[in-house]
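Same chain, two partners: chain A is paired with chain B first, then with chain C.
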Partner chain A sequence: METFLSQLIFGLQRGTIYALIALGYTMVYGVVRLINFAYGEVFMIGAFISFFLVNAVSLPQPILVVLALLVPMVTCSLLGLAMDALAYRPLRQKPRLAALITAIGVSFFLSNFVSYSSGETVRSSAIAAFLLAGILLLYVLGVKYLNFPVKASPNFKPMKFVIPIVSLVLVGYLFWSARDLLVELRWKGSSFASYPVDRLITVEKIPLYKSVYITNIQIMNFLVSVILMVVLSYLVNRTMTGMAMRASKNNKDAVALMGVNVNRVISITFIIGTALAGAAGVLSAITYPRLTAFMGVQPGLKAFIAAVLGGIGSIEGAMLGGIIMGVAEQFAIGLLPSSYGPSRIDFTPLADGVAYAILIVVLLLRPQGIFGEPPREKL
Partner chain B sequence: MKLTTYTILGLLTFYALVMVTSAVGIMNDYLLRIINLMMINIILGVSLNLINGYTGLFSVGHAGFMIVGGYVAGFMTTLLFGITKDTPYWEALPLFLLAIFAAACVSALVGFLIGLPVLRLTDDYLAIVTIGFGEIIRVVFNFITFKKKIGNWELDIGGPRGLLGIPPLSNFTIIFLFTLFTVLFIRNFVFSRHGRACIAIRENEVAAHMMGIPITKYKVMAFVLGSTFAGIGGALLAHFIQLLHPTMGGFMNSVEYLIIVYLGGMGSISGTIVAAVALTGLSEFLRPIGELRMVLYGILLVILMLKRPGGLMGQREFLFLLPERERKIYATQNR
Partner chain C sequence: MKKSLVVLLALAVALGLVLGGCQKQAKEVKIGIIAPISGEAATFGESTANGAKLYFDQVNAAGGVEGMKIVYFVEDDKGNPTEGANAYSKLIDQNKVSAIVGTVMSKVSLAGAPIAQNKGVPMISPTSTNPAVTLVGNYIFRACFIDPFQGFVAAKFAYNDLGKKTAAVIYDSGNDYTKGLAEVFRDEFTKMGGKITAFESYTAGTSDFNAQLVKIKATNPDVLFIPNYYNDAGLIAKQAREMGIKAIFLGGDGWDSPDLFKIGGKAIEGGFFVNHFSKDSQVPAAKKFVADYKAKYNKDPDALAALAYEAAMIVVDAIKRAKSADPKAIRDAMEKTNLETLTGVVKFDQNRNPVKGAVILECKNGQAVYKASVNP
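== the complex of A and B ==
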């Protein structure tokens, strides 16, 4: 019972991270029918940006926690915007396969770029993440908002500038202030970056029931994801943008005829999805403080499977699917016999495969997922 | 379908040239190795093109099938038959061919088991499942670390260490013959009635269904054929690089074959051959910049899809690869 409860807590925590990434997959799929494979990489970049920020600035803990969460979210959402503008928007009218291949290309590019820049130590992959974000930001600023090369825009909205410029300045400041840190980190010479959790939060165990305990990191994890999910539900169900989003899911052409800028709706979907993935990256980095350039690949794939499990295109489905996936995986890790127990064979490597076993079962029994509707063929 | 005299002459000249130059010593081992690698990549690329290019499916797990074939063949030659480096070649060869055959069969079976349930669904699901498949393969091969004595043999495929000590049985002749076989087989398939059905499915699934083409049957057929040849390619590769590792079946490797197919052109065997040769050569040429190659691959894939979605060759073929009737049509069209 005690094992069950504590595994459940760990599983829920794991699940909320999957759920946050899965939301991005499912929202974009719902609107554009595109599987954006790059969310895992956005997750990784979010973790690195937060890592960099926490190392670079010294502020009181509460403010730092908020910043460490918000800055990666903003930067990642800009990355998502750039991704959409650069890679996916030109392909909107082309066959869906082309966009799928592009998505794989983007994902491959992002992870390998960070990996390449990291070389032997991870110190510079943080730079890479920053440079990348910076370059893409410049692009977005230049092409999207300034209509680069210079052309007067008829609907000039100052707020459109403020957020990107502020985040650019912030990124630049971080990059600048982190030079000393780089020198320092270089001498540590490890093959991965460890996230400085103790600068953010002092880990405390809060006993719940007998030997079952919950850490304050886990509480923070739950709180943040619940808040994000509530905000998301509000956004999707109660605002005009959300209504446009839900309508675009049904029929993009009709929505365009109603005077909605579908491209804008899609961009917003990308922004939300990547922001959530960035937040998931930070939460994951705080929980499992080991960052590498390929850390996003597995969570990305698993979150995607979670989205399929919940019914791809459905937001509640992604939340539920992510949590089911996390709990199932945690139970597999906790309950499979390992070589420490009576069993001679170590079964724990198989826990990594639980997600894929779930995928196969789902596809055989209910391919549309828990909340999904069966696909209809249109002529 | 027959090959023209010129094609046969060309192939013979190529074979003789490589054999003679390597025997005389003009061609060094490094160059020969690259040529062999190019041909193995041609096998894998052309077989993936049958799935992704001609039938319009989207398989992202080609390296998974490759590694299955590789492990089956490597297991048979190394552990079951106990072939080592010192075994005389003519004794080892029949067993090696048997192992390749078994690898092809197992890959085909795996392809069938995966393809049959999944290909009934829409095409997105194939991408999902094939990615998952590559990961399952990795997890499973990582897991199998047990050592067991059965009679004289000790069964140990290495787990996370990988399967080591595979005898170097793939030489130029074997790889050349299998490449030729693969290309000819797939060309003949593509220009046959079945191949036309596959192309029809790619162009418009609903219309093809209306014309009475059994869609699932042909999709599964193409998928199984592709995975069979991937298994053969994997067996050859395993006995060429003499090492198998679970991560070789993952997503990263599959992307390399995807690049070969999409760079060459979806639905063009000639394009795949050109791309396989060019990319393998290029990656040797770019060895100094090492890992940056992977970064460039990502950008290349995006730019290809944005600027030239048809790839280098589009759907065109070299004339010598076309069957006679097609060649005449081609000649009249391009006059």
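== the complex of A and C ==
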């Protein structure tokens, strides 16, 4: 009983994080019919950004925890915006497979970029992070004020490229020359392998039943996720933007004819989805205080399966799917026999396969997922 | 007339180049260093490279070996077998090294060893403890004891010195090092009369060990053996203490990193681990090494630095006795090593493993302090 309850709580802890990433998948798929495989990487970058923030700033715990959550969410949504504008928008009218493959490319690019720059020391990756932030900032400014290359033709003006590139090089040079100043002071001795949780929150255990307990971090995770999900539901179901999103889901051309800027709707979808992935990254870093460049790969894949399980395109489905996945995985590890037995065969690695087994079963029995709408025949 | 002069000149230049090349070659011996300078075991790589570089620099400062200056090349294997194999190929094919000191992790050494063996370049891994590494061939050596010995030492310490009768194990099922250590510990501990209550595995890359730990907690062991690298070990210790597991934590040489204390924090305090070397050693050569290392890098050496230093000593000693930079001659000399190093006299057995003892260190106030010595 105690074991069961403990496993259930830890399973929910896993599931919450899957659910948050799954929301990003499902929203973008619902509107653009694109599976953005880079969400796992946005998740990872969110964790890294909060790592730098928390190490760099000294503030009281409650303020810092809010900042550590909000700043990565904002930065990640900028990243999402840039991702959409640079990689996906040019392919909007092309076959869907092209965008899917691009998404895989973006995913590999981001994880390897971080892997490369976070390799040797915390310091070099701080430089890389600043460079990336600089690029994003410039890009966003470029989009806003220079109408920077969303679509190059027909009135292609070289100056539009030259100004951002020159300023990019300048900013890059600035960061490069100031790198010692930026990094040496703050981050001496910090390691990606230990996210400084103590600076955000002091872990406390609340006993539930005998030795079963729940920590304040777990409660915070649940609360933050629930709040974000509620806000999201409100946004999608009760606002004009949400209405435009839901309408775009059904028929983009008709929505465009009604005078709605579909590209803007899609950008907003990306912003929300990536902000959620960023938040999930931060929560994950607080719960499992270790950062690596590839920390987003497995959660990303599993969240994708969670989205399919819940019915891709459905917000409730993504939430439920994520929770189911987390709990199922936890119990799989808990119940599968380990190699200490007469057979000496280790079954635990199979637990990772449970996610994929669920995917296969769902696709066979109910291809549209739990909450998904069955495909309608168009006449 | 003019034409012949040009030809003559060209010939002279070419001859000069060849001779100069020969002369240069005769005056230096190239040695490769491979270590995971980045990646999951980055502090291992840094210490290893530093230890080997320290010795080579000292030899060069003292006039080189047999009149030859040592030129070393450092490659980063990132703790990844593929990257490791590339590093071996690069050092051998491009840099034309005569010997290689490297690499740290057993799984990476296992990827590189066949390359060194096929190309006939001797390699000595400072710290790969998996027995399979030197079994690849007669060009592969190591400077450390092997996992069966380490697992035996851990089991003996838990059963005899700590007097504990039940133990649980958690290990990474995809890593030869941690799996090997876990299995040896299980078998030895059971043989001594102890009981293994749980034997749990996880797959690499996970940061959530709660499912395995909940299972372990239900069996209430006296000792939890965590034969993993410091990175995972610190996190496992933290999650285990957080859920109220009271067992004493025990580990292998993979724990030897200052990062263990950064990650594990309070949870790792009171844990013990098997190691090759203690910086508190009273052997004169070791004391001098600790002082030199501290002077150069401004921090205490760990066992990886010490073993890399020893591996470098073994290579240079072999070059001295071979009186040549020829890889085959170095290998033949290396096999007959009988050298006083930091941790005692090193001789190789028929599988090119050195015969040497181990130390047990205790995690106390954020430091690994000497607890006991165990000899084979």
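Following the convention adopted for this analysis, the second predicted complex is superposed on the first by the 310 of 379 C-alpha atoms of A that agree within 3 Å, B and C clash if a C-alpha of one lies under 4 Å from a C-alpha of the other, contacts with A are read in each partner's own complex, and residues count from 1 in each chain.
Just so it is clear, contacts are C-beta pairs under 8 Å (C-beta built on N, C-alpha and C of every residue); 3 or more make two chains touch, one makes a residue touch a chain.
Keep in mind that what you see is a predicted model, and the values were worked out from it rather than measured.
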In the overlay, answer first, second, both or neither for which of chain B and chain C A:Thr215 touches. second
A:Leu363 contacts which: chain B (first), chain C (second), both, neither? first
When the two structures are overlaid on chain A, which partner does A:Phe10 contact: first (chain B), second (chain C), both, or neither? second
Partner chain in contact with A:Asp352 - chain B first, chain C second, else both or neither: both
Mind working out whether A:Arg290 is in touch with chain B, chain C, both or neither, as first, second, both or neither? second
List the residues of chain A that touch chain B in one complex and chain C in the other. 297, 346, 349, 352
Complex contact set, residues of chain C against chain A: 37-40, 42, 76, 78, 169, 173-174, 186, 196, 198-203, 205-208, 210-212, 214-215, 217-218, 231, 234-235, 238, 242-244, 259, 262-263, 265
In the complex, chain A touches chain B at residues 35, 86-87, 90-91, 94, 97-102, 104-110, 112-113, 115-116, 297, 301, 304-305, 308, 345-347, 349-350, 352-353, 355-357, 359-360, 363-364, 367, 375, 377, 379
Given the complex, residues on chain B that touch chain A span 56, 58, 60, 117-118, 121-125, 127-129, 131-133, 135-136, 139-140, 142-143, 145-146, 206, 251-252, 255, 258, 262, 291-292, 294-295, 297-302, 304-306, 309
Chain A to chain C touching residues, read off their complex: 2-3, 6-7, 10, 13-14, 119-120, 189, 191, 193-194, 203, 205, 211, 213, 215, 288-290, 292, 294-295, 297-298, 329-331, 333-334, 338-340, 346, 348-349, 351-352
